[in-house]
Amino acid sequence: MRHILYRLKDRYHLGTPVFQRDDLCFVTVKRFELRAILTELRDVEGFTHLTLLTAVDWIEEQQFQLTYMVNNRVANLTLALRVMLDREDATGDTIHDLWPTAATYQRELREMFGITFPGSPRVDEEFILEGWTDLPPYRRDFDTLAYSQQTYNDRPGRVTHDPKTHMQKTLYADYPKGAK
Amino acid sequence: MKDVDDKFLKNPDTEVPLREELRPRKVTTPDGQEIDIDPLRDYFCEAKPKVHPKAYSKIVEDFYNWARANSLWILGFGTGCGAIEMRPLMTPRFDAYRYGIQWRPTPRQANLLVISGYLSVKTLKRAIRAYEQMPQPKYVMGLGSCTINGGMYWDSYNTIKRLDDYLPVDMYVAGCMPRPEALLHGFMELKRVIKEGKGEGANLYAENFDQYKANQKAVIRDWDMPDYNW
Amino acid sequence: MSEANKEKLSGLTTVKEIMDTATSFEVVARDFYKALAPKVSKNIRWLVDELAEEEQGHVDLFTKLANDPKVSDVMAEKIQRPVADGKFSDCVQVPDLGENPDDQTVLQYALLRETAAMDQYTELADTAPEGPLKEAFTFLANEEAEHKEELEKIYYEVVHSGGV
Amino acid sequence: MSLRDVLSPFTAWKHVINDPVTIKDPFNRPGADRYRGFHQNDMDKCIGCGSCEEICQNAAIDMVPVEGQEAGPGDSGLRPMIDYGRCCWCALCVDVCMTGSLTMSNEYTWVDSDPDAFRFVPGVDGKSWDLEPKGYQREDTRRLTGTTRAPMGELAPEDRIGNFCEIVDGFTPEQAVIEADRCVECGLCVATCPAHMDIPDYIAKVRDGDFEGGLQLLYETNPFSQACGRICTHKCETTCAAMHEGDAIAIRWLKRAITDSVDKDRYFDLIQKPDVPETGQSVAVIGAGPAGLTTAFDLARKGHKVVVFEALDKPGGMMRYGIPEYRLPYDVLDHEISVIEAMGVEIRCNMRVGHEISMEQLAKAYDAVVLSIGLHQGRSTRVPGSDKAEAAIDLLRRITAGVEVPVPEQVAVIGGGNVAMDIARSMARLQKIKYGRVGVTVTALEDLDRFLADREEIEEAQEEGCVIYPARGPQEIVLDGETVMGLRTWKVQAIFDDQGRFAPKYDEADEMIHPAGMVVEAIGQMADISLLGEALTEKLEWNRGRIMIDSTGQTSEPWLWAAGDAVSGPDVIHAVADGHRVAVSVGKMLAAKREKVQ
Amino acid sequence: MFSFKPDRSQYPAPGPDGKIEVDLETGKYLKLWHGPNHPGITGNMSVELTVCGDEVVEGKTHVGYLHRGFEKLMERRTFIQVFPIVCRVCVPEPDFNEYCYAAAVEELAGIEVPEMANWIRTLILEMGRFNSYMMAMGGISGALGLGVVGQWMTYTRDIMLDRFEELTGARIYHMFILPGGVRAHLPEGFEGRMEEVLQTAETYLADAEKLMFHSSVFKTRTQGVGVIDPALFETYGVTGPNARAGGVAKDVRKDSPYLVYDQLDFTVHTETASDIYARTLVRFKDLHETIQLIRQILKKMPKEGEVMTNLPNVLHWKIPRGETYIKGESSRGEYGYYLVTDGTGYPRRVNVRGPSYTHAMALLEHLIPGTNISDIAALMVSLHTYPPEIER
């Protein structure tokens, strides 16, 4: 794993790799070099299997992290490339021509995170949701509980009690709480 | 609605545009004729459901109910998790057929819709359609926690929480998921209810049709079907 | 209870007489506590008041029994649940009440009184022939023992309470 | 395509003669022994801590009050109500249950046409599966919340016996975080704590490593957090949900960890006097113990002028003169009191009310007087020879004050409370220093299980070489002329009756003589009320030997309040609670007075 | 012999965006919805077919009917609270979710799992694989009209569910593999009852073999149909039996052993035809391998030992920032969990990488054009996809 990264390091801007396990490494790459690195990994280093492509919303840093995980079955190595995108301008580069199956992932990311991949087949078609008008649901600023409460009805009649408060009320309601 | 932070308030006004193929348009037929079509009107009958009247005589009605109870034909539409426990019921081990219960592939032949657990909004739309296509008298059974009060998807943005908001439910079976034996219990209980003449779900639907429709439309944002399709 | 008291009792022949005499002893005790009350500090007066009340209770009970035709039944029932003597107050010194006794002294004094009374009645019961007289003495001994026990409880609460 | 391929499917026909695999009666088929079916709850075991509600990812559990389950120590009176419109039968609630009361039967059938029916309180709403023994239970112990206390360093018995150094090290911040992690934040302890400290909240601060925030939280309810962190009787730990299957959370040590982890100088920044205007009113507090100083702390923070009168050399009351240094070092106490003084409280030591100043003078000079004099007089057994015995409380006071006390080679202590242990262990240390060996015998009426002393006190005393004879009733202090030779005791066969009230039974035959050059009585204390004077004593209302106070701590006199050991509770935390209560009451009276003037 | 090899040349080619331009209004083509309510669909999903006669010109997979937003729900549940919901991601083989999630959490939190727990986990996974293959065998036979095999397989699966029930306490959603171990030891006499099930299974499988792999009907309808070109395996992310049927011995259990697979003997079976028949045969052989593995595990596993470690207080369990990917070989192929933590008590992101995702979407859409409409059901079942894990 390390020597592959050494080879790549000479030509590309790699972040500090994180060796999660002997066979699994995470490394951040620049967006404009992603395609070249992926192609090289696929064609030269034997990372022929695109395990997954997904995103992580780091809303605090105003960034999306795209994770491209590629696997070399023969050497039993998995390399995950992280690409950071600006959250405001969430546009990624399609890799469906490298792995046709990536088109599905990109469709999902478009729908669930609102990250577009111009040029990816059918990327703007509805995938999982139907008639969705709210924020893309996997974004961190979409609150699923709030949405659910505003959209659907709970069965009424449920009340719960906090043991501490309940005991305060029943056992020592007249105790002057605190010296404040 | 409970207290929701302003930034999570949803905007209910956004319209979902009608799908292209469902828009009214001019079409040239193979023989060169030009015709206007409006798919939503042309392909469906829009009559509202009617309340199914009881038979004049109690004896006759009782006989009908006995017959109905003993031929529960289930629509083989696996809407959620619980569908996986249908297969054991259909096969010899649990053999629901001996109780007059069988599965049909099309709504036209079925009188019992089993909602097997959670319903995503997308499936709800299909389930409503399937339900409305079933001939009266018809029944709905809700399986598992999800149909009662949202179950483990109580905070999901994509599943309904109470099935009875959208469809009239005649029987619930608790469990997550309910075992085949519990399902059989549910069927037996449903039979009893029907025999007592209390299986009135379909009439309830007809009576409160507008309310059901309002509820359905509140969650199905791309309502691209007529209000009642049978 | 002095030897004189004992003598007084041993000479009696009927239950009613015994009861009357016992009552008179209780009246003496009650009056003693009533007289003691103003002498003690106000913070322990409750104790002396309680003792006086307790004795008054005995006076009432014995008076009622003395005039009750079914006296033996009532006593028999009581005797059937004899009160054991824990001998706790044995370790208590004979206190000198003095001018301004404190709560512990009062309690010890009361305990001693009850113990002595209990012993005396027990002794009389042992020597009396089988019959109503024996029953009456046993009953009285029991009553005193019960009272003593009550006092022991109070004693523990008052004296041993702060021992944390 | 071969002929075989055409014919071989027909072999399926052989199954025609097989027995059917159909289950004949599917309606009465029980679930497996471990099946996770419907819930059961043992009402006797359930404490209503709400951990099940907390862990339930489906929000299926509500804690509801139920009939017949009253709130009380260690039981919130609430019981889980389960919504089967939410439940997913994951049994995390069973796994997390602090007492093991919640289990699952192997029953699984519940059908109903009413969707609102699927809610019930297991164990209360009778169900057919309530007594079903089969079903899911945790395989062994509770594993989801931690059952064992984090380790803490302490001096070995042989290292601590020769000196008065503090015994326990207290948690390091790291150990504290580990221990705090075990808390499930049910809050049952809050009700038990006399001062109702925000226990779960400050434990949460420990867990987050925010010790300074924790300290501020502590001072909201207890200005004696450093002392309580060391010597509190920690009744809270007796109602901790974690104690049912494992060790209770070390609440006391966590409190101490907070106070120890914050730099001493930071206290004065973190706990500042609130910015309130001076009221111009003044309050006199008699006795600089925990109750008096808490009242003073509260009132001073409200802008009143507070003067504390202390009869002894230094403030602290029983915390200084009753509790030995190895349990509560004096510098800790000094620092604690300096924080209180920083609120503007004035402490006048060596001012014995009744000598240097009279009650009448105080009543005149101050708007209110708070009496918090504690119990500083030792009780005596008054067995023969007891006039030669020492009172534990006097001895402790003399040891603290640095006065030389006689240290014989053998000491007998009467009493089974913490004071008895304190004096026994103090004397043991002095003996060790003087003779190099320990000779202390402790006798008490109670059997070991009923000792009033804390368990760890007893164990530590034994570790240090004190010999404990439980269930021994003192009969006589054996004298040889004026010299104490020993203590004679009888065996106590039983001490309490069925109702738990005192009813001792002795066995005269089992007599022992404990040789000793000194007998110390540590059976109890009482308040020295001589300072009141006869007139005031007569004027006040009394309640079974103690000054009668109402629920706010006010006596029958409108200007006088009483707090602390002298009127209620037996320990520091009760005194603190009392102090708060009285301060609020006094504050109200003063406010009313101000309004009247305006 | 009659050939089902499609001739794609007469259909319009897909445009650059992947869509095939067909003018429905010419009347030459018909749009046909295959599902979601259709007996020939594997679960609640649908395929939008464009047919010309009975040949399919284009197929579009539509999923989302079972979308519950798991990956979102997991982000607002604590680490222990995620445990009950992960198994719902895949209904017929839920245990893989439990294992992958638990292993991911354990790795990021640095928790050691007792040896015994690893053996029981392996056992559970193999039992789950057994069930899943039984579903697949039943499904493919059902899709081709061999109802009786479907009945046998369902019955066999059901008696295995009984074993699941006595071991884990539930039939379908076992919720047995907790982070930190498993919930319980094997019950008394479990091995014996399991052996009975395995023997019953073997009997039925022997019969099923005659009905399927030696049936002319089955052979005619499956051989040469739905061929996946092995060259596509990498680009389409084909894994598991689907790849093994094309001669690529992909198997995570061998390639990158997890749990105790390195201590077990088993063969990775491959075929070369890469058609429906080959895929079914690979599954059939693998099913025997699984039966053998279950026996082996029960024999080799330690008899005693802890099954669970003590966890930190799960009510406020925080896991330091990190990310990891845990994979395993499910009955359908590589199954993985990508877990990202951010130091709080909640996962930052969980991504479920299910094999059905690639198989049912891109691959199926690629395979459909040119097939006969009656083969669609068999083709879908042969890819062995489970809709709930596609959309989650």
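Lettered A, B, C, D and E in written order, each chain numbered from 1.
By definition in this document, a contact is a pair of C-beta atoms (placed from the backbone, for glycine too) under 8 Å apart; a residue touches a chain by one contact, two chains touch by 3 or more.
Because the structure is a prediction, the values reported are computed rather than measured.
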- Return the chains common to the contact lists of subunit C and subunit D. none
- Item | Steps in the shortest chain-to-chain touch route ending at subunit E and beginning at subunit D | 1
- Greatest Cα-centre separation from subunit B belongs to chain C
- Using the mean of all protein Cα atoms as the middle point, what chain has its own Cα mean nearest that point? D
- Maximum distance between Cα centroids and subunit E occurs for chain C
- subunit B-subunit E separation of Cα centroids, rounded to whole Å: 29
- Centre-of-Cα separation between subunit C and subunit A, whole angstrom: 87
- Compute the distance, rounded to whole Å, between the mean C-alpha positions of subunit A and subunit E. 23
- Chain-centre distance (mean CA atoms) for subunit A and subunit D, in whole Å, is 48
- Note on the structure: Going by residue number, subunit D touches two or more other chains at 21, 31, 57-58, 83, 85, 88-89, 115
- Item | Residues of subunit E engaged with two or more neighbouring chains | 64, 67, 69, 72-73, 76, 84-85, 155, 173
- Multi-chain contact residues (two or more partners), subunit C: none
- Task: Let me know each pair of chains that touch one another.
- Result: A-B, A-D, A-E, B-D, B-E, C-D, D-E
- Query: Residues of subunit E touching subunit A in their complex?
  - Reply: 16-19, 63-64, 67, 69, 71-73, 75-76, 107, 234-237, 239, 250, 255-256, 322-325, 327, 334, 336, 338, 340, 348-349, 351, 353, 357-358, 361-363, 366, 391
- Message: Please output the residues of subunit E touching subunit B within their complex, sorted ascending.
- Response: 24-27, 36-39, 43-44, 64-69, 72-73, 76, 84-85, 88, 91-92, 138, 150-151, 154-155, 158, 161, 171-173, 388
- Of all residues in subunit D, which touch subunit B in the complex? 20-23, 26-27, 29, 31, 57-60, 83-89, 108-115, 118
- Touch list for subunit D against partner subunit E, complex: 1-2, 4-6, 8-9, 11-12, 15, 21, 31-36, 51, 54-55, 57-58, 88-92, 95-96, 136, 139, 143-147, 181-185, 207
- Using the touch rule from the top, collect the residues of subunit A that touch subunit B in their complex. 129-134, 137, 141-155
